[in-house]
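You will see two complexes here that share chain A, one where it goes with chain B and one where it goes with chain C.
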Partner chain A sequence: MSAYVEVTDLRRQFDVSKPWLNRVIEREPRRLLTAVDRVGFEIAKGETFAIVGESGSGKSTVARMVVGLLPPSAGEVRITGISMTDPRQAAARRRLRSRIQMIFQDPYASMNPRWRVGRIIAEPIRAFSLIQGEAAIRARVGELLGLVGLHPDDARKYPHEFSGGQRQRVAIARALASQAEFLVGDEPTSALDVSVQAQILNLMRDLQDRLGLTYLFISHNLAVVRHMATRVGVMYLGRLVEVAVARDLFATPRHPYTRMLLDAVPDLAHVGRARVPVSGEIPNPIDPPPGCTFNPRCPLANDRCRTEVPALLDGVACHAVQEGRA
Partner chain B sequence: MSGRDIDAGDAPPVPLQAASPSRLARWRDSDLLASFLRSKTAVAALVATVLMVGLAFASPLIAPQNPYDPAQLDLINSNLPPIWQADGQAPYYLGTDDQGRDVLSAVLYGLRLSLIVGVLGVITSGVLGIALGLVAGYAGGALDTLIMRIADVQLTFPAILIALVVDGVAKATFGSALDVGPLIGLIVVSIGLSFWVQYARTVRSSVMVEKGKDYVQAARLIGLSSPVILVRHVLPNVTGPVFVIATINLALAIITEATLSFLGTGLPETMPSLGTLIRTGNRFLFSGEWWIVAFPGLALAGLVIAINLLGDWLRDALNPKLQ
Partner chain C sequence: MTETILSVRDLTVAFDTRRGPLTAIDRVSFDIGRGEILGVVGESGAGKSVTGSAVIGLIDRPGRIAGGEISLRGERIDNLSPEAMRRVRGRRIGMIFQDPLTSLDPLFRVGDQIVETLRTHTDLSAKAARSRAIDLLAEVGIPAPERRIDGYPHEFSGGMRQRVVIALALAAEPELIIADEPTTALDVSVQAQIITLLKRLCREHGTAVMLVTHDMGVIAEAADRVAVMYAGRVAEIGPVASVIAKPHHPYAVGLMGAIPTLSQEAKRLSQIPGSMPRLTAIPQGCAFNPRCPKVFARCRVERPEPQAVEASRVACHLYDSAERAA
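Coming up: the complex of A and B.
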């Protein structure tokens, strides 16, 4: 069986040049920022694929391209075999549309502040004409609110009457309203209190078990990823540097960057042991280092790393690992 | 991160009230009303505005005379002073002009015309400006640049000049014998073309903020088209500042109409607005018949000040930084 989501050679560049007139006067060339570079992965039905990375690593850009909010500069996203970019498959894509939804990072910005929650959740139902009749729609909205642990009467409230965690529950209810089977969560819990984060994550896992959902989960929080993910992709400066089953990644990280990240995580089992802090900063993506983009921060870098971009082979993109030096 | 039951801690919220308060109750409890009642100026301005609008639209019922009906005018009654002066006669409480037209009636009818033209002008400029601002802000790119450069060019021309040009072009096209209806339409279009830029700029900047928010992205995700997203989601969230501009522009539009009429390109003397009345009255100022120009002038000043004070209050009340 082929994968539910296939992402191949995905690439996205942003034009960060100055305005045309300034470029002409100052004789500057057009400047492109490569936010995502040749990223490829597959997600099987029912699993949670997590992408971790620092700020600026391109993980949110990947999420937006996967759901179709942002057109890729190159490469392709296929969901159930249907391309998200091919104009010839526009009709099929429209039918697929209702099955893909997104949960956004900021629950304060992801809902129209002037609409009642009932109308917000009903909007996808109406947009896709899933249910006819006001009473039936209202009943379905109540059912969805119950599913995410809210009260059906909450449909009459406005978003500002809820806490952050409750709003994220509403956002999940809205995502499920269109009978979605693939949810992309772009840091869905990073704006929430730690205690509330756990409840939202548990709700998402619970719904996954009950409804057979497939998740693409974007996060910078390794603890969250460990809790949620079946498989994990680690991104660094627009490239996927390691892809592994979650348990293996956390037990035996292979890429030097992944090891650096995991060494920096506070761990209750090793209280008292000095943690290795993450050293260095992510370079400017407008002007990335040649070769492996991680080479300025990598303890194992040699001349080959500084000139040749490593390919993702066997789940890891690192010359040192492939040469057996790590 | 260990427990898997979803009901821990953040228990499903018990509904706080059986039902959310009605729209009326929310308005009664709102900050806007409280702020309104606290401001004596705002209350006085509203009372004055409502009074003048009420009198203007009741003019056919309360005015002693229909100033548009030549049969009701009598030259014997011309140039009568106001009632409190020696030669004053009832029912010409504010005197009459050189045609025997009752100044009070003419002011009431003129006020109504000025208000109609002002409101229609504000609606025209608002609709034009909001539509162009929405498109420019949401589409961005070349279309945005085009619309905003047109707006910049527009701003370099004074409103009166634009109105005079529109008026001149229309009169050259249709001849000068235009009926009153089309003439009002012409002034409304002139005002609309003069004042749309402010709306467009304000709406555009609000749209650029709103379109980046995730609720707009969520609407795109369920496949809604851009016009639907703009009207259903973006527009309701950018209207706050528009109301402030519309209130202040109403006063400006009324003044523009009065200025046009004063300059002779507005409404004709047979169907006078406040501006036309001021223009005709101006001729008699030095011969001692001051009431022909003074009362229309006072009515215009009162209306514009009242609306401006309302607009000022609204701007402060809707600005969260001033609270």
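Coming up: the complex of A and C.
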């Protein structure tokens, strides 16, 4: 069986050059920022693949390329075998579109404040002509609201009448309205309070069990990822440094960055813990260090790490691990 | 406990609106001792930041302190004139806010801002203030401080900027520091560095710290005691280890269960139904009663007062009988 989502050699560069005239006068070349560099992974149907990383690691850029909001500079995303970029598969892609949906961090920013919630949720149904007849659409909207734990009468309210958690429920209902089977959540609970976050995470897991959904879950919060993911990819400065089954990753992290990250997270179990935090911060992605991008902060770095980019072999991109030094 | 630095008694903060006063903080009491870190935790709208602002006298109109007392080393500071309070702020109470960029003036060199603070609050000469500023930058872990002192805030990374803010807060050797979400805007690896720094400085200088955050993990690592706030009231206050491991108030119990942790894989997070009441509709009796799984008749009519339960103080009627029996 081939994977539901296949991402191969994905790359995205952004042009961050100064305007043309400045470049000519100051004799500066174009400057490209490589936000995502040769990222590849697969997601099986029904699983939750999570990408974790700190800010600037490129995790959101990957999510946007997977759903097709951003064209990749190189590489390919295939969902159910259909390429998201190949112009020859445009017709097949259009049919696939409705089955892929995204949930954003701030649900309020992703909704038209002047539309009633019923109309917001019905929009994908109408856009893809999935159901004919107003009464049938209304019934489906009511059913969707029930599915995410709201009341069918809530369809008459406006987004501002809901709390943050309820709005995220509306966003999930809208994502499901088009009979989506693949949901991409970009920090879907980061803006929510912990008790509300727990409600949304539980809801997402329940819906996955009931509807057989596949998730790509983007988060900076390792504890949330541990709770949600079946497999995890760790990103650092645009590259995937480790991919592993969630349980293995949290029990025996292999890449030095993953270990550092797991050690750095403040956790309830660490009351009064004293520790030696890792020094340094993420370097500027415009001018990343040569070789392995983690080398300036890595305790295991040697000359090879400073010159040669490690390939992702057997789930980890690290010379030290591959040479048995870790 | 050692010497009490900050003592807050029955603090009440109200916001005057056209429809009458809204009580944002309702009879909150706590103490912070010398060298102690008190964590104040709660979800958004719980009143934790307003409590911090009230202590430093930065409640903006239409808000006002409507009752209670705030004392710093036994001296009342809640009724000082704005001019007198301005001298207390910065000199005796330091502040650290979430976003370091907003607490630093982008047009002035970092060193000049520290020197300004030093010269306002101490009688150091310009030269002595500059060398003290370099010492401060070195103390908060900024590399090459004698060079970095002449940098502008935008030349520093997020973590380094927050270190500068900490240096500013410490400049006049205050007795108390109010830190409002000091690590929320930072990445986890940098967050760990800042927590460690704050803990070390507080211990070395004997500074009392009120650490306001929504992140229970940060509290677990940094704080000695923790106050859990809900709807403008303190639900439970006690030593951090016992509040996390064995919370008593049903809200604290729900909150701890709702937080996903790295150390264990929970099948399902416990969730508290509903969300925090708005200030306009705080329920009668215990503010938590509509969401409480253990609610009984008394909770709906009579507000529970904080009472001693083991090492903590808990505002919950469930423990009424225990106290009577004891």
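Going forward, the second predicted complex is superposed on the first by the 315 of 326 C-alpha atoms of A that agree within 3 Å, B and C clash if a C-alpha of one lies under 4 Å from a C-alpha of the other, contacts with A are read in each partner's own complex, and residues count from 1 in each chain.
Everything that follows uses one rule, which is that a residue touches a chain if its C-beta (ideal position, glycine included) is under 8 Å from a C-beta of that chain, and two chains touch if they have at least 3 such contacts.
Remember, predicted model here, so these are calculated numbers, not experimental data.
Using the contact criterion defined above for the overlaid structures, shared-chain residue A:Gly165 touches chain B and also reaches chain C. Judged by the touch definition given at the top, the superposed model places A:Leu262 against chain C, while chain B stays out of reach. In the superposition on chain A, A:Leu222 makes contact with chain C only, not with chain B.
In the superposition on chain A, A:Gly324 contacts neither chain B nor chain C. Contact with neither chain B nor chain C is seen for A:Gly133 once the two complexes are overlaid on the shared chain. In the overlay built on the shared chain, the residue A:Ser178 is in contact with chain B alone; chain C does not reach it. Of the two partner chains placed around the shared chain by superposition, chain B and chain C are both touched by A:Ala198.
Of the two partner chains placed around the shared chain by superposition, chain C is the only one that A:Phe250 touches, whereas chain B remains out of contact. In the three-chain superposition model, chain A touches both chain B and chain C at residues 163, 165-166, 195-196, 198-199, 201-202, 205, 223-224, 226-227. Across the interface of their complex, chain B is touched by residues 67-69, 94, 97-98, 100-102, 104-106, 109-114, 116, 123-124, 127-128, 149-151, 153-154, 156-158, 161-163, 165-166, 174, 178, 195-196, 198-199, 201-203, 205-206, 223-224, 226-227 of chain A.
Residues of chain B touching chain A in their complex: 1, 3-10, 12-16, 18-20, 213-215, 217-224, 233, 236-237. Only residues 54-55, 163, 165-166, 193-199, 201-202, 205, 220-224, 226-227, 247, 250, 260-275, 277-282 of chain A touch chain C when the two sit together in their complex.
Per the touch definition, chain C reaches chain A in the complex via residues 43-44, 157-160, 187-193, 195-196, 214-218, 220-222, 224, 240-241, 244-245, 254-263, 265-266, 268-272, 275-276.
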